[in-house]
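Following are the structures in question.
Look for chain A in each of the two complexes below; its partner is chain B in the first and chain C in the second.
This part shows the complex of A and B:
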């Protein structure tokens, strides 16, 4: 195979790993709370600013800045739930979407006010590695491994803990949960914190690859939503697999054309999928 | 808060706690389903609630487990007022409710369903021991413990739902139509099981449309009609009552 095409496919898989985290977080929150966090990519954006600020402005060591980013964005997820989502739990879905969409603009505006619209870079990079005939970015490979590790920890949490099992249960039947001794409000709060922490982890992995600016969410937010819908909203495994599919499509599309063209291919593929399988590629 | 803690800390006999409803009114929005229901279940008793569809039987159980708040009347268990207790604290107080249509989590395995049933902190510490007890009671559940609950037969799902409710070591078990949708032979198995559970000393309140079967299992029963208690008495008396035979037992 053409080594450049192979390189594009490998890069696509690495990219898919990073797309997978926000897709998992969005699906987790939607599956449990039944509300779409339209501002999810902006939570990631705030996390990216947090890392950038702690590392370049306050001079924290990078691992410490990463370590602080997760709880900061998890707390943001909790606040989003308490202040915006919880009061609207019984409201029509359109009101919930508009409210979390409002938070999207609020976060963009707030970051513009604080940090202006400059592109901020962490300025760290790991040397590329030569594997056979192709070059792989060390940064992307490290981000990919961290994403897989994050996904594995999430899986173990959902599979083996009481709270994780209740999270999987509540996604199917919320009304019966109190009979099990489960307070649904508490599970919503935990899911929001975990969803926020996943956005925080995604922020750590993206901030080493992309410059931060208030509108950086646009470069991965729409594709995250596409991935979730393609995998079937609320279907975590479907979203995880769709992330890799989308990563490869974007990367190979970019290999044959430009980056802009690759997004045209990705959205075209999305539209065709959604006509063919309206409930998602992996709907049962 | 302190009341809930006191109850848990207090030494309790396995069957302790009288369930007492007095003058309960309840409904859904503008629709009133229960009109002044009074009912009493003593520790160790098995009590049935029978009556036609729409009589308010399911609503009655939902009121007891806090899913619906009564608009009037008092509701006490073991002397504690339940009207202000959040429903998710009831399993820890010893009230377990097997809801209508079982409501298992079909995409979780049998054992995961039991795990959700043991969610309350007090129950988690006893998970393995109670799970093994449920498997003793239903050997079939042990064989199928890694199977998805939704792939089992209706009778097995009912066993699993009862097992899930037993995971909180209840003092009283509320059963809503355990025989619904099951083949006659499976219905018999379910009622045999209820008999075994109550022989172990567990208090049972069972709502049923299958009046003939339930009267064989319970000590006493209430007949509910359009949200009111139309009759009550020992099962033998009710089974012999000509009006009840005519309405519910297909007798003449």
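This part shows the complex of A and C:
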């Protein structure tokens, strides 16, 4: 096999790992609360600013800045749920989506006000590694491993804890669970916090690869939504697999053409998928 | 309807009073934004919530500008071609969506993807479109300005007014037709509507054509007025959501709702710019965002919607849904 093509595929898998986290977070929130957070990529953007600010401006060590980013974005997720989503729980879904679209503007505007529109870079990089015939970026590999670790922790949380079980149960049937003594409002709040924390983790992984600016969310937000829909909204495993598929499409598309061309192919693939399998690639 | 024709005539006379250029500029911007919002609301009020209407602004604007710069085709011909092309793209995207019952979230996300594809294509074809740096239509000497649709501000005021009136006329005609009842029924329950003989796909496609054509018209005229095009302001998620915001804030169930929304959005943006200058960059989207959330929670029918409901609360209103599922 052509080593460059192999490299593109490997990079696609690494990229998929980074897409997977926000896709998992969005799917968790959608599956449990039944609301699409249109501003999800903007939560990630705020997290990226948090890491950048703590590390470069306040001089915190990087691991500490990463550690602080997760609770900050988790708190943001909780606030989003309490202030925006909860008053709209009974409203038509499109009204909910539009309200979270309002939060998208709000966060972009707030970050522009505070940090201006300059591109901010963390300025950390890890040397590339040579594996066989191909080069792999150390930063991307580390981000990939962290993403897999995050996904594994999430899986264990959902599988082995009482709260996790309640979350999975309420995603299955939101009428019966309250009768079993689970307070749905509390579960919604926890799911929003976990969804926010996943956005925070995604922010840590993205901030080392991308420059931060108030509109950075628009560069990976749309593809995250498409991954979730392709995997089936609310279907965590489907979203996880779709993230790798999209990552490989983008990376291999970029190998044959330009980066933009690869995104056109990926989005076109998404539209065709929706027509062919409207409930997601992995719907049963 | 009684008030509309005198209102239009009064608005058409405004440039004759030679008001300050800035006033005319605001007016043209508001009118063109209102045309795009009216187009969006044509679909939005029947539950076809599109997050990709920016794409049609972009198709309209870039088709017109590229025809002019590369083939020398005047915008007088270029704009109808561009509007036709946008409507065709709307049908090509809408037909499979409607046939395969892609609705609600899924429809919103498919249109979002389509909007992004158009934005990225415009950026990628940078040899012709100038990429994200944007492009400018070639200017012509003053004696050929009319043929090239390169007017002063007053000329665009009349053009924009005409486009705006066209949008309202389309709305009015649709409201008087059976199609409006059919669409209202579809947005309540698609299967039930189909079972009583409403051709769901055809009705949806018709409103899609009107909606995308208006968006493309707004995009092309905006580009020709500014004499500058760039992908961020004419395609993609950002501008698409701004169109949605304007239509919702004003009220998407009333013909003048999107216009009121355009006055609010443009007024807010310009007001903040004048009050705070560049110090407050980002203030406008911040306030938009808060307003959009508040509108969704407290006034989902928008400002005009509230006024209208008060006015006819005695008479039984036509039962349009607050928004579709």
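Please note the rule applied: the second predicted complex is superposed on the first by the 284 of 284 C-alpha atoms of A that agree within 3 Å, B and C clash if a C-alpha of one lies under 4 Å from a C-alpha of the other, contacts with A are read in each partner's own complex, and residues count from 1 in each chain.
Rule of thumb we're sticking to: a residue touches a chain if its C-beta (ideal position, glycine included) is under 8 Å from a C-beta of that chain, and two chains touch if they have at least 3 such contacts.
Since this is a predicted model, take the numbers as computed values, not measurements.
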First (chain B), second (chain C), both or neither touched by A:87: second
Contacts of A:76 with chain B and chain C, given as first, second, both or neither: neither
Contacts of A:233 with chain B and chain C, given as first, second, both or neither: second
Touching partner for A:175 - first (chain B), second (chain C), both, neither: first
Partner chain(s) touched by A:43 [first = chain B, second = chain C, both, neither]: neither
Touched partner set for A:165, first chain B, second chain C, both or neither: first
Superposed model, chain A: greater residue contact from chain B or chain C: C
Touched partner set for A:183, first chain B, second chain C, both or neither: first
Contacts of A:271 with chain B and chain C, given as first, second, both or neither: second
Residues of chain B that touch chain A when the two form their complex: 65-67, 86-92, 96-97, 99, 103, 105-108, 112, 115-120, 123-124, 164-165, 168
Residue ranges of chain C touching chain A (in the complex, touch as defined): 47, 49, 93, 96-97, 100-102, 104-106, 108-110, 112-114, 116-117, 120-121, 123-124, 236-238, 241, 244-245, 248, 280-293, 295-297, 300, 321-325
Complex contact set, residues of chain A against chain B: 162, 165-166, 168-169, 172-173, 175-184
Contact footprint of chain C on chain A as seen in their complex: 36, 83-84, 87-88, 91-99, 101-113, 116-117, 214-215, 218, 221-222, 225-226, 229, 233, 258, 260-261, 263-264, 267-268, 270-271, 274-275, 278
